[in-house]
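The letters A, B, C and D name the chains in turn, as written, and every chain counts its residues from 1.
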Amino acid sequence: MIEAIRVPRNAVSAAILLCLGLAAQAHAAGEQAEQFTPEFRQIHSTMDAKHSPRIVAPDSVARGEWFTVTVSVGTGSQHPSMSEHAIRYIALYKDTAEIARAYLHPVYSAPTVTFTIALDEGGSLRALAEPNHSAAWETSKKIEVRP
Amino acid sequence: MIEAIRVPRNAVSAAILLCLGLAAQAHAAGEQAEQFTPEFRQIHSTMDAKHSPRIVAPDSVARGEWFTVTVSVGTGSQHPSMSEHAIRYIALYKDTAEIARAYLHPVYSAPTVTFTIALDEGGSLRALAEPNHSAAWETSKKIEVRP
Amino acid sequence: MIEAIRVPRNAVSAAILLCLGLAAQAHAAGEQAEQFTPEFRQIHSTMDAKHSPRIVAPDSVARGEWFTVTVSVGTGSQHPSMSEHAIRYIALYKDTAEIARAYLHPVYSAPTVTFTIALDEGGSLRALAEPNHSAAWETSKKIEVRP
Amino acid sequence: MIEAIRVPRNAVSAAILLCLGLAAQAHAAGEQAEQFTPEFRQIHSTMDAKHSPRIVAPDSVARGEWFTVTVSVGTGSQHPSMSEHAIRYIALYKDTAEIARAYLHPVYSAPTVTFTIALDEGGSLRALAEPNHSAAWETSKKIEVRP
């Protein structure tokens, strides 16, 4: 039946191998269910001294002007960068539009990154930082854009 | 004054070079402002035959069971993959939690990716696909998770 | 002196804040040094039953033809996806050119991804998979491209 | 036959949809072949005033000490950030181990990023910057790590 829809042979063998792989994984289903924790469920926008991103950016910029935004994680001290406990990425948004995202290797990278950006119009700069043990934490900061 | 706060010398020279770099960029501000288009401003959740992601996933899965989700871009034909017009990334979310994200090189990669995932509880699978010329397009699909 | 080189005021304050941040981090230097393990130092191309990527792809394709490549991690069983022990990303290269890269959230994502790609000329498909506790593991597979 | 190997039903339908998708893509094969240019074939390590990354980092650091590395693209002027011509990402390696990688949205992001990193031992810092129209450009810089 699959041949009847004229699928390239490569695709068929890839698909079958994919199926076999999934069958092999099936027995792990119960185990995997135990790994989920409530922290994974949604973005955290509450304040947290260890996880909330800190945004350093001007309050007002000219339209199209390049300026730097530094995002670091942790308001008191810096979030650790250890192989089993680290920040996976720091992302910067202007309202819902994603502007830049840095993926960080544990141990080598501290959770601090500086991007150079330009904006079109005012709104909220939003920084997301996602650790390995939960969904991302979010902080936002209003910014004015002068015409 | 900067010395007074005992900043490592490396940081000072890096910061000064950063400043010099920004000064050099300043003259481009007017030019950059012309590059912005309204399409960049926010996620597009309206239906678009060329840009809306298509999600292929089961309607119901068991908690912790591995299953595949295929996201492709374009409902009629596939979105092009050309150096000046391509999909930058395809991302998969469960409600607001990001699950996986594939960055695609123009020309080599078609905007189609299959992830293997497991869920904790039901909700919305959301796929985002971001082309180079706008903010991302979003599609969502309800999924039930059986205990 | 800094003013004399006509740096935008935004850049100066960002740079100073950056310096302050670095000073605060300084005391952690000894601690951080203890986090490094020899596994972080270089890409692993030796065979490892748990970490070597497995590439499923055709041996021969036509130039410009779309085909799927599935990369999974682990040759016997699948590498775990737990918050403290997981695969950070799977990347696919054609020789030294990067084609696609999928970042995977621990717990939600299994280390298996299928890309749809096209090639220009024959060579080596290389898959890299990087866990949180080491540098990446690499596997390669020859592929012929018919004109 | 597929049922005989006891593949979950979800996987079968996903695989068939995947096949259908590939069939729909088949007619584009000739077209796609025309998109490849020689610039895509391998990492460029030759000097190029517009594309070679510029690395600003200390010559010597203490083991485990946090320090900043700024990577920008272009040695004379900055590489453009336009929707059809931009830098996709900037990545930083220590020899072959990847340390950090920033994906940049065209127009909003200038190709300049500052990471904060720590090293274990001396070697080469390598910066890769990949534009949309070619494989990545690479620059490296020796760095000493004091025990």
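The definition used in the following text is that contacts are C-beta pairs under 8 Å (C-beta built on N, C-alpha and C of every residue); 3 or more make two chains touch, one makes a residue touch a chain.
Please read these numbers as outputs of a predicted model, since none were measured by experiment.
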Message = Tell me which has more C-beta contacts between its two chains, C-D or A-D.
response = A-D
Message = Roughly how far is subunit C from subunit D, centre to centre by C-alpha average, rounded to an integer in Å?
response = 9
Message = How many angstrom lie between the centres of subunit A and subunit D, each centre taken as the mean Cα position?
response = 17
Query = Among the residues of subunit A, which ones contact at least 2 other chains?
reply = 8, 11, 18, 22, 25-26, 28, 32, 35-36, 40, 65-68, 70, 81, 97-98, 103, 105, 107-108, 110, 112, 114, 116, 118, 130
Inquiry  = Going by the touch rule set out above, what shape does the chain contact graph take here: line, ring, star, complete or other?
reply    = complete
Key: subunit A-touching residues of subunit C, taken from the complex the two chains share   = 8, 10-11, 13-15, 17-18, 21, 24-25, 28, 32, 35-37, 40, 56-58, 61, 65, 67-70, 72, 77-78, 81-86, 88-89, 103, 105-108, 110, 112, 114, 130, 132-133
Ask   = Along subunit A, where are the residues that touch subunit B in the complex?
value = 18, 22, 25-26, 28-36, 40-43, 62-68, 95-98, 114, 116, 118, 120-121, 130, 135-136
Task = Enumerate the contact residues on subunit A facing subunit D in the complex.
result = 2, 5-8, 11-12, 15-16, 18-20, 22-23, 26, 66, 68, 70, 81, 94, 97-105, 107-110, 112-119
